[in-house]
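Shared between the two complexes below is chain A, which has chain B as its partner in the first and chain C in the second.
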Partner chain A sequence: MNNTTAITSDFKRFIRFFLQELKPKGKWLTPFNIISIPVILLGTIILFIRFTQGLGSVTNLSQEFPWGFWIGFDVVIGVAFAGGAYIITFVVYVMKVEKYHSIVRVTVLNGLLAYIFYAGALVLDLGRPWHIINPIIGNSFGYNSVLFLVAWHFLLYMLAEFVEFSPVIAQWAQLEKVRKFVSALTLGAVIFGITLSMLHQSGLGALFLMAKPKIHPLWYSEFIPILFFVSSIFAGLSMIIFEGTISHKVFRNLIGEKSQHSFEEIILGMAKGAAISMFVYYFFKALIFIHEQQWELINDFWGYWYLVEVIGFVLIPCFMFAYAVKTRNTTIIRLAAIITLIGIILNRLNISVIAFKWDAVNKYYPSWEEIIVTLMVVFTEIWVFRWIVTRMPVFSKQH
Partner chain B sequence: MDRRNFLKTTAAVCAATLPFKNIKAEETEMKTEFSGVLVDTTRCIGCRSCEVACSKEHDLYVPDIKNDSALESLRTTSEKQWTVVNRFETEKGEVFVKRQCLHCWQPACTAACLTNAMYKTKEGPVTWDGDKCMGCRYCMVSCPFDIPKFEYNEWNPKIQKCNMCFERLQQGKKPACVEACPTDALMFGSKRQLMEVARHRVYNYPDKYVHKIYGEHDVGGTGWLYLSAIPFEQIGFSTDLGTTPYPEYTKEFLFSVPLVLFSIPAFLLGLNLLTNRKNELSEKQGWKNE
Partner chain C sequence: MEFYYYVNIFETKGLEYVLLICFLVLFILLVRYLSTPEKKE
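Then we have the complex of A and B:
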């Protein structure tokens, strides 16, 4: 009896606390707000039209190009960029490298939000989204579908990341017992999460295996799943460098002077990881190229475009990372991270949109509405991220 | 005693297995064979009766075949029409080719579908179920013939494609297009029967036909088969799709999933315990679990 009243009073206290926290903190008229608010409002209107009049009313999708920017950019690229979470949790919780502990929370939060928003953007692209529960509740399991696997892994991974992040929420809500309980689950969630990540990062690539005649032979390979997995490693690391650099500028008051300094060390470590994984990736790409004897494909527009991606946005940033680690130059690392991220965007868009039906007469390009909705998804994610880091102990390490 | 017992058991087992095997064989024999249609393009006169019959049967857009001069351009099937006839100018004169879903034996679309909305029925037709489909369009990405079409301008869009008149087959009737064809260019039957007829025609008229039956082996075999007087690539067919059934391309990946799902956690846990031990030994302090 006493117990229940204690729980209800706890619950009431939490609701009051939550409503209190919902109120905005800080200035309203920041440059980010001025840009993002109109975009989010416009995106909402576009989505209203999309759900009442069909996908064709706002997108350039066609019978030839069933997947466009929303899948190719939001989902496929968004998930690759979120790869940092499984790498950092692996390094910190499995390998117990203490150096990276200070960025675990923010990286996991980034991963969690990326999955909620970018993998969640899949719903916008579904023609009949009210049937999204079909493959989950079990009345129609398409076991033999790669997409079935990817959908389930998205869902389970979000859960795993939520468990990994929940100690921070519990700490914020001052629920000590809950915090202790969920903290005990961390290692399990981490191991489960890494396994799921390996499978769905490669699974996103495996989605395109059956599109064999449609993808330019320079980009199609039976090893797409492995290439997607390996590239998600340096995509994730570069994203942490990129996002961390911005966070350390924007949220300077939340991050102590000491962790500012240790962040430099962290960046150097991650640049090393990125350089190695990029070289492995490049080597694998070259092996596939030689093994498939694709020399005659290289001397036209698509061949040059392929070289731009593989040399300009993989090999060059790879050397930049390696050089910067040797000279301890974090500026070059940050530059290399940005080039790497562009390279990932190029690679994923090439497979899903650009080199997909490369010889089609009516090529697909995104409509402005598709781009606005994509920006809306990104901005909304940043809003939620900002709301969380200014309230919960994400940057601070004290437990 | 032992020996007798042994002989008895052996005899009993043999007796049990032999008729059992026969029953088994009979059962497979009796199983429904996949149905399909043989299209003899040398017989098609381009009247487009099949287009009209198909659209009427499925409440789709009925083309005005007398006046719309649709044969002037190459068309694809659409969300409004499940089948179209195209005209090709060739060295042997005009050739008309009917296009629709080929009803692959191992379809890419059904392997792609995560809700089993695309479904290969045991009778042969590949059908679509609107109560299951979530509109992800992965079937469209996977189909090597670009057959499934999506209603982009509907709030509740459907995937539109030929279902070989599955509802008519259930009633023992032939597909609407086959019944409407005035020149017997279309022939309905089991693939076994159709292959016999097709081969028979090629053997009897070796100069009339090219010596290939499209769909015999392409993408692992299709339900619909085509005969032609001129090479298939000249009348709009992709002849470079290979003979591998498309689901095979994802099979290796899918097989590796359970392997990864069980071996990697064990590996990670082992790694974790190993580093624990290492940290204890070196008496390195500092790492704290949250």
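Then we have the complex of A and C:
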């Protein structure tokens, strides 16, 4: 009876604490709020129309183009950008490189939120969204389908990342016993998460293997899964550099002076990793190009577009990263990270939207509603991220 | 019967071997370049 009373009072105390934490902190009238609030409100209205009147009412999707901007941007690009979490956890927990420890929590949080919002955006794109549960509950499992693998991996990876992040939540809620218990699970969750991540990053590429006649030959290859996996490494690292740079400016008061200085060293280390992985990726692309003997495809619009992507957004930022590491120039590293992120967006959109059915008479262009909903997903994720980092001990100062 | 010219770099996949050898050499050079700190004058 005493135990029940204690649990009830603990629960009441937690609810009071949680309600207190829900109250907004800081200024309301910031440039980000002024831009994001109307977009989120408009996006909510569009989503209401989408779920009541169907996909066709707000998107330019059709039987001919069943996958559009929502899949191309939210899922295919968003998951690549979330790749930083499995790389940093591998480096810190498996390889024991302590230098990166201070960014583990924020990187895992970014990865977790990216999966919740971007992979969660899959629901928007399903004609019958209530069927999303089918691969999990065994209603027409479809073992041979790559989507079956991707669905399970997304779900399991989200759980693994939640376990990795849960010590922070327990610390915030002042549940010391729970924190000790979930901290003990971290290494297992990390190893499980890395395995899942490597498989579904490449699995996302494998989704396009069945679309050989629809994708331009310069972008289609049986090695798309490997290309997706390798590109997720430098996409994730560039995202950490980009996001970390903004976080260190916006949340300066939450980050210790020591961490501010060590972040420069962390950026240099990640730039080195990005340069090496981009170099490998570039040679993969060159090898595939030569192996497929695609010389005659290079001398038209699509060929030039391909060269812009591969040289302008892979080889050049690769050299920029290498040069910047050598000269310890973090400004060039940040610039290279932005170019790399644009390159990833370009590459993934080329495969899933731009060079997809490149020869079709009727082309697909995203509607303004699709773009607003995509912005809404991004802005909502940033809101949640901001709410968490201003309350929970995510940055190193509060460890 | 198909003829096979051993001097054709495309048919023998020679170009792919050349590219791979270049990659390995350049990869070593890149790692060495990134690993050695810049000399200060």
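By definition in this document, the second predicted complex is superposed on the first by the 395 of 399 C-alpha atoms of A that agree within 3 Å, B and C clash if a C-alpha of one lies under 4 Å from a C-alpha of the other, contacts with A are read in each partner's own complex, and residues count from 1 in each chain.
Here is the rule we use: a contact is a pair of C-beta atoms (placed from the backbone, for glycine too) under 8 Å apart; a residue touches a chain by one contact, two chains touch by 3 or more.
Since the structure is predicted, the reported quantities are computational estimates derived from the model, not experimental observations.
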Practice problem: For A:54, select first, second, both or neither according to whether it touches chain B, chain C, the two together, or no partner. | Solution: first
Practice problem: Please indicate which partner A:63 is in contact with in the superposed arrangement: first for chain B, second for chain C, both, or neither. | Solution: first
Quiz item: Is A:141 contacted by the first partner chain B, the second partner chain C, both or neither?
Solution: first
Practice problem: With both structures superposed, pick whichever of chain B and chain C touches the larger number of chain A residues. | Solution: B
Quiz item: Should A:387 be classified as contacting the first partner (chain B), the second (chain C), both, or neither?
Solution: neither
Practice problem: Answer with first, second, both or neither: which of chain B and chain C does A:275 touch in the superposed model? | Solution: second
Quiz item: Is A:286 in contact with chain B, with chain C, with both, or with neither (first, second, both, neither)?
Solution: second
Exercise. For A:327, decide between first (touching chain B), second (touching chain C), both and neither.
Key: second
Quiz item: Taking the two structures together, which residues of chain A meet both chain B and chain C?
Solution: none
Quiz prompt | Residues of chain C that touch chain A when the two form their complex | solution = 10, 13, 15-16, 19-20, 23, 26-27, 30-31, 33-34, 38
Self-check item: chain A to chain C touching residues, read off their complex
Solution: 272, 275-276, 279-280, 283, 286-287, 290-291, 293, 322, 325-328
Quiz item: Inside the complex, what are the residues of chain A that reach chain B?
Solution: 51-57, 59, 61-64, 66-67, 90, 93-96, 98, 101, 122, 125-129, 131-132, 134-135, 139-142, 144-149, 151, 167, 183, 186-187, 191-192, 194-195, 198-199, 202-203, 206-214, 222, 225, 399
Quiz item: Which of the residues in chain B end up touching chain A in this complex?
Solution: 76, 78-79, 108, 110-117, 130-138, 140-142, 144, 146, 149-157, 238, 240-241, 246-247, 249-250, 252-254, 257, 260-261, 264-265, 268-269, 271-272, 275-276, 279, 286-290
